[in-house]
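Below you'll find the structures, each written out as structure tokens.
Heads up, the next two complexes both have chain A, just with different partners, chain B and then chain C.
Let's turn to the complex of A and B:
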């Protein structure tokens, strides 16, 4: 094979970098705004399958029905997406993991775990911009076209449409498998990063915030004790540090001005915050949760929900010194004009554990008095009786 | 945003085959039956779900298959052990463990986290935590509801007590639409009649 031909082939085969038995397909031309492939093509078929998935997602009980929040995120998608504004449809999905993905037909999913971890509008814009990059460049189509055999293609389609799973192990397969559908090559990720940053720049957002998202994830992963880290290839986001570095380098030439949009972001997320915090605390990965909460608290140190959630993490972890840390956090939350229910309840439970009966009783009474219909009222009242 | 490679898929597929290949069902006839240090008296026949991955303190019964309904019997769990020993979805952070000094609130929280991590519940709601007798001890009960990745609404009750430092619990769950309300009366009968063996 002659020199120039081979070089052209290799240049077009960015996907060959991935360690897989997939073959290679040249990159596609970018999507035109408003474009919809004809159903007779393989791309059209892929869209039709995704349309069906979208119809299912639209009525899923895991879809968060918060019109204000959806409007807010759609607004960002439009600002960042420009001409592609009407091609994107936003769905917020209840899932405590850090994830956002855009299907080839324009369905954008943002998981609540990701929302919780964004500190401002610019960070969310970075994520959306990146996903738009995959969408506009039609990366999923390229991935599908690299499938060498009918079996690969069938697996690709099946994984993308995997509906109800069964308990236990198969769901792990499903989760990994669905991720594989949108698994992009290194080059594709870089392309999406570049697109996302350009979109942010055009929309007036601070480009530095793209790296900040991954800096947060890297810090969270480092926070997890080494003994608790899972098998590497099952890790949610391999290479968070690498992503941070890439985005920092790409944004290095940015002007340095650009809006963060902290206030609008906090206001838009406020109604869903208690739910997102509870979902995170429930997972009982304390070091990870604390990493996230402390990063958010740095910007709003007295925010009651964040402090109550921090208190809960310490209370549940119950390591040496955690009782004091929990009480300190709960007390900040309890001092707010309308404290979260977990604040006084948490103080009561910690004091009960420490054997401080009077303090526990006082806190439990405050909890019962200030919380409408507490789900554990009967048990808390029994603790009051026990304590006398 | 997430990235996976084919080797991960292959390994996961192998795990899937291993998990589903071994489980079987045996009949539990109505009448007194001993299991996990407890004496239970089902009023109707149940199917015991024999999953080799279940820990020694667990017995799982079902009427219509574990996806639709489950009676989970937990007998004599010792201090320092988790409710389940199955792999969690992130394969990382271990499940929190039972402690003999735990309050009912703590045990409910343990249950909640186990459901969230092992059953991959996206939402978990807890209701009505209150003192209640169980196996002749001062125990507790609560109701719960959760949505797993399969998006089916499931409801359940859990009743438990700590005796001599060990946790005894029975939880019954089923689809909210049919199997939970239908199976609840029999589950309550089993719970009411449950005894610790030799007591």
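Let's turn to the complex of A and C:
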């Protein structure tokens, strides 16, 4: 075949394939409760690899070993999961980012950053319900198959366009393939949201709380300075505001009210709270942290841990006026019967920065007196010596 | 239209590249405190994938299970020929408390092994501070393993292997005709021998090639032999 004819033929093939291809693999049938795929299938391969990951996660130092908390979250997963109760295993992972994920083999990870941001049981149930949606609909498997199909087709088209001498052909094909995959991922997220709400309804939770989770995230994102935000084109999930709207619309048809479970939630999270607050402060994203703390403080304005954490954020940010704000927050925390260690310490450090030696010394002494084995005792004592 | 000569050159390069397989460094002889060096064979870490036309690596559970079985058997078969005595390592008898330090040693070795693979004898990625020395150690944590098993050495095996799908083979052929070289499946891994009294990695063999198959017994014997190529006497 002569050169120009061959090139035209390849280009023609390329165009046909682009048009028909980026339609993805058909959605899988939902998982049956208790089902396990056979080893010889691609799904079996996926499960086997996730089983190995789960064995590693179970022994990871990042796993939070709080049996009471795990029982609480497993209880919610069982209520929301219904027939899938025994197929789900819950792992709480110490990571300050907002995330929960469900592996195709039933391993459910909930990160501590997400736990901190949920105000009640219903909100946590909304997130778990959403993840169960991915699990039951076997989204990971569909995504893997789609990625493989799209990748394979793209490879042949890229070869064809390169062979036909089309400039920039392979790169264009790659860009189309990638954007198709990301868009597909967003569709799956919407599907999981729908499933999650239905699961909440069945379990008797207040469906309106699902939107509340995303309202909180949207507020947090808006609080963030513009320079730190991400790129929407590459988003695997719809934005927080879109999710809030979608969930609000879907839940609007809900009849009556459901369970919120604020008290049980706060009791279950209480032991882990100091760690979660410290981890959040350590992220050094003050605007986002303040958004979260202020939302939580709205329901419990005098909660000592939250106030101390707020004080810490202001103290570390040290913008104009932050010293006064930090002191105000620390003083509320310090007034509690058993103040968090950071409260008096924080007052001391801020007063020291303001040059108020006497107040600083008094605060440091209170800190040393009320805190068992403070890790920075030597440093604080050195400040006291300096001051005299 | 690429000349026949070019196609032949590409195919030949592919064959030659697949030939160079391993590179090892380390001790020539084992320390044998009681005439037989006790070597504990740590749980083998092997995973087999299928390489699709577009480059996706799809995990294959049945291939991995077979590979695991074949590799362990093949490694045991190497014992006799080399005058070694491997001990198995049964993780199931460990209590939860014992499991933690053992787990940490394995993870530590995984990290060190990856570092060696990346930075040893690898051109621009070589670590200048090493100045050509091969000195890598797990340090004190290795003592946990010696305490648990009573062995003198620990042998770690790590293998990741991929095999081209029919689509991939088709792409390779089509590409070759157009004068483009597209890689097929790759077998990569390492065998590492740790002296449990010091934690030092005394022998390390790195594997990287385009051939090798762990899915059936005979080729698995060949891979095991290659992995233990140059093992200290």
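Observations
Criterion: the second predicted complex is superposed on the first by the 315 of 388 C-alpha atoms of A that agree within 3 Å, B and C clash if a C-alpha of one lies under 4 Å from a C-alpha of the other, contacts with A are read in each partner's own complex, and residues count from 1 in each chain.
Here, a residue touches a chain if its C-beta (ideal position, glycine included) is under 8 Å from a C-beta of that chain, and two chains touch if they have at least 3 such contacts.
For clarity, every value in this text was computed on a predicted model and none was experimentally measured.
In the superposition on chain A, A:144 makes contact with chain C only, while chain B stays out of contact range.
By the touch criterion defined above, A:79 lies against neither chain B nor chain C after alignment on the C-alpha atoms of chain A. Legend: residue contacts after superposition of the two complexes on their common chain; A:44 is shown touching chain C, with no touch to chain B. With both structures placed on the common chain, the touch criterion links A:127 to chain B but leaves chain C unconnected.
In the superposition on chain A, A:289 contacts neither chain B nor chain C. By the touch criterion stated above, A:375 is placed in contact with chain B alone, chain C being left untouched. Between chain B and chain C, it is B that contacts the larger number of residues in chain A. In the three-chain superposition model, chain A touches chain B and chain C at no common residue. Chain B meets chain A in the complex at residues 1-9, 11-13, 15-16, 18-20, 66-67, 86-87, 89-96, 103-105, 108-109, 112-113, 116-120, 122-124, 126-131, 140, 142, 147-153.
Listing the residues of chain C that touch chain A in their complex gives 1, 47, 52-56, 58-62, 64-65, 99-100, 103, 167, 171, 174-175, 178, 180. Every residue of chain A that touches chain B in the complex is listed here, in rising order: 18-22, 60-62, 94-96, 99-101, 127, 130-131, 164-177, 179-180, 182-184, 189, 224, 228-231, 233-234, 236-238, 279, 282-285, 288, 316, 349, 352, 375-376, 378-379, 382-383. Against chain C, the residues of chain A that register as touching in their complex are 3, 39-40, 42, 44-49, 59, 144, 147-148, 150-156, 159, 162-163.
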